[in-house]
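The structure appears below as structure tokens.
Read from first to last, the chains carry the letters A, B and C; within each, the first residue is number 1.
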């Protein structure tokens, strides 16, 4: 007698210990029936009936399996993907819709010593530094984001826009309509969630290096952000009523960055530059904090330039960011020139350079041209030490310039992804007011506990 | 020999190519054993043992299938249903609990020309028009909703209520306790997410056609909303402290609607009417915008009616909404009468009529007596053109009436469900102040980008 | 012939009606083949081929089952657990990350009669009493919470902290950094979601029994909260700017509780005590409401103690909570002493005792030392009746003390878990101002609809 070729092959393969694809599972019965029929043990009629019964058995087994599979599929086919680690994100099964609740809470304890003999200029206490709630989402190529900060007791609008994004080959194109980041500066644009220190360099202030404004921003970037370019035409930041109707001048800004060197995401060098022109017609004042967000002693200042005397301003920045394993360095230089209707230009120059090192082996996370949140390697968390030097000089075109130099050292502990405890010490080392050196050396000891989601 | 009847039937059915229900899958073996026993090929003892082994095989197969099924069930039985398209909604497996984060962001760029020779009356700039966050949910027959608007820099409470809903046969009964929509008017009640134009008709204002108030609202409706009826006893809108303790008069309102014609949801005609009586004792003023939400030039006004002179007001509206395929039309007429303690009644009459057409084949979405969000038919989005005429006349019982007529044309682009870009042009064509025609013809060009979730 | 032992055993077991573990499911075929070979019905060669085919069949069946199981596993392995009843909580598959949107809405209708002959002291109307939105989450041992109340039109920050929790054997250790509850008092700490009455006892006020402050709180507790101990060093509550920079004195508080008797969670007695010391240097005033949160008539008062005269304060509370089936009782005594630079101490003593009974068989829910939300036993909801007596005496060290006694009766209806309707009647029975009995007996009728998530 002859067995069916396929089952012989299967049998042979099996003997060779190969793994079989699933399903048909009563070949042995059919083969046996053939053998018994061929040698006359069973009649041809019985063979037919038995073979039919065997086929029915097989059908039934397959149907049972298919039924379970269908059940799994029906239960899971519309099931969204839900990210629970690092962020909360619900994405539709087809990937075209996503939704993400966002927020952050930062609680600071601060002790500053103004060192100017005026005890009421010292600041001591705690503060809810940032407390944000918001939502963002995407719908096919479109998206939206709305986040407000409630730390000040009211709703301070941060990002609030409708966006569009697409790709042309390896180039990404983006558009934001609403309030979003002005494409200017590096320190200003790095999220407070990811800053190395508790406060940005004091020049990264809304006056000379503004953060957000209402308008349109277009961006282009390589898929891997080896280069990026963004330009914004924005009509000032929202005022208390969250409109810009009283703003006189528009802001045009453009920023580009590229990576001359990137071995991998933890070995790279990025260079950036930006240019900004601010319209005039609104009053202007730049009076940076020295050692803390809540300084009362702020002797360095442009003074207030009245709306009718403020003709506008130009500014540019150049910046660099380098990551080499656990080490990183970052530098930014700013030049901001105020044009007055009467009186000479007021020129602010500033720079900050920082370096940090993870004692526990992590690397600063570079993402899309900026820094992002790290994930500790160990369950014990990650530790980072960092130092920064910064200087600001405000030159009103005479010998009465204001200037200060400051050192900051910081220790960061990341218990987990998304949480961080920070300890900073800020020390002004040189202070010049109206062209004369001042003996005050303000300092601050600052602690932060933060979490974001 | 004789095969078991059931397996013969099964075999026969199989030969007839019928599909079998799942499970028992070694009938062929049992049949073969019977044949072999009956013709003496195997002994009766062996038959018994082999038949037992076959039964055991079957049990085991069924147990394996049942195990997988149980696993699927255990993993999925408490799995909530999560809606990710059009809205984010998490519903418990039994359907009795649901939760939904809600919100919207609308960003406007506006350029108005007051045309009155006063350049400071022109408005130019951008605005975060609406920025809302909230949650709503249901627990069996009960529910809650809380949504606040943060666009003004503070928390302006919108809906904030606890609700109850049930059905009697085909009739739905609802109750809302808290702040919710006053059952009055059509334009006022249509959500800003779904309005055809960027601004409501100028009479759909909190003074003569108020939107929300704090109190109790009862509603009845057919299951399919062929008819609906709602009545509210409300104690004014929340003031700055979100209470109504200083409000003197209550508001009673009732609104009904019915559909004399409905072929399907895109071929229908709805007629509505409402009545409202406002208590007096609070100061009153109606001074509508002309061309934009942020007008500074607003010559049409009732003037301020002092609290001790305002005895209350009565108002009624009649409205119609028609959808015929891609075309829709909507009209509303309002009559509002202020009763003064001294001086004659002040009568405001207003109407607005609009028409719109989807160039891309969609239909205005009618839902529960109002309009709702459309879903573009094409991946390229949906386009709609629309026009509106409106007029408001304020008649103080003398010849010194105020009046204006306005045309609005609009172009709406819906890139996706839940997103929309809008372009509106508003033009006042006739303006009468204190009984005299005024030559000013204010106009506005307005753009909006919006998303909701 | 001899059948394989294992299949004989299986067959025997089967005859004994035992249930088999899954998988191997063609033993009968192998046994039959052996029988047929042994008695010469089939050849040894055919036996080998057929046995191989049978083994292949088995492999295939098992592979099919394994494939489905793998599919189930792959689909579900990263699927978070989502709680939809009682709260909305998304927990990662490994349990290490969780996220929870939180909030509550409470709408009140209030009618108070000041009974002092000054009609403007009566309060009538509705109020959005609480309207909160927030998020909380956990990341391994760390966590965060941020919740703000928007009922007042701005963002009043409630909990805003980063936390850490761990266990040592059966002892739980917790740390909160940020704004959180001061460990002081019982009535103050019970969440407004779970209070028996609409208003707390009038002494549970931010002055003498403060709720939240910014700082650090450490807590220890038994795993089952049979005992707990918490201590906080806090720098006052956030002011309007959500910082404590202007606060002069720190607050140190410690609270402990233990359960001398606990048969189960609905038969227990808890005793608690707390001590608090407030720093001076800020102005101080305690002027409790009498019958309602929005009283205008508040004759009982310490008066304002100027910042330079307020040297600080000490306070202590003792409290008890008992649950016996559907019945509960709760009592708290407070003693608060203000130290003045000039003038004598001002001593406030107060107590409140309440009792409640569920008519529908539920028990007050005790959870972690406080009360929590109940789940009605019936689909018709739960009903609770309750009564409270409270008294406050402010003794300025002379005969001019202020004092009032008040009764409150309440009826609570819980339609479902997480929702509640409340009706309260408050009646002052005795009022003494400046040492003289006053004839006024203010009263209030109050209704609340609330939901939380």
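By our rule, a residue touches a chain if its C-beta (ideal position, glycine included) is under 8 Å from a C-beta of that chain, and two chains touch if they have at least 3 such contacts.
Keep in mind that this is a model prediction, so the values were computed, not measured.
Comparing the residue numbers each copy contributes, subunit B and subunit C share less than half of them at their mutual interface.
These two copies of the sequence, subunit A and subunit C, are related by a rotation of 120 degrees on CA atoms, to the nearest 5.
Work out the mean CA point of subunit B and of subunit C, and you get 34 Å between them. With touch defined as above, residues shared between interfaces to two or more other chains in subunit B number as follows: 26, 29, 32, 36, 41, 61, 65, 68, 72, 76, 79, 82, 101, 133, 154-155. If you check the complex, the residues on subunit B that touch subunit A are 1, 3, 7-8, 10-15, 19-29, 31-32, 35-36, 39, 41, 61, 65, 68-69, 72, 76, 79, 82, 84-85, 88, 101, 103, 105, 107, 109-110, 123-128, 131, 133, 150-155, 294, 379, 415-419, 421, 449-451, 453.
Subunit C meets subunit A in the complex at residues 26, 29, 32-33, 36, 41-42, 46, 49-61, 63-65, 67-68, 71-72, 75-76, 79-80, 82, 90-93, 96-99, 101, 133-135, 137, 139-146, 148, 154-157, 160-162, 164, 177-179, 214-215, 235-236, 238, 240-247.
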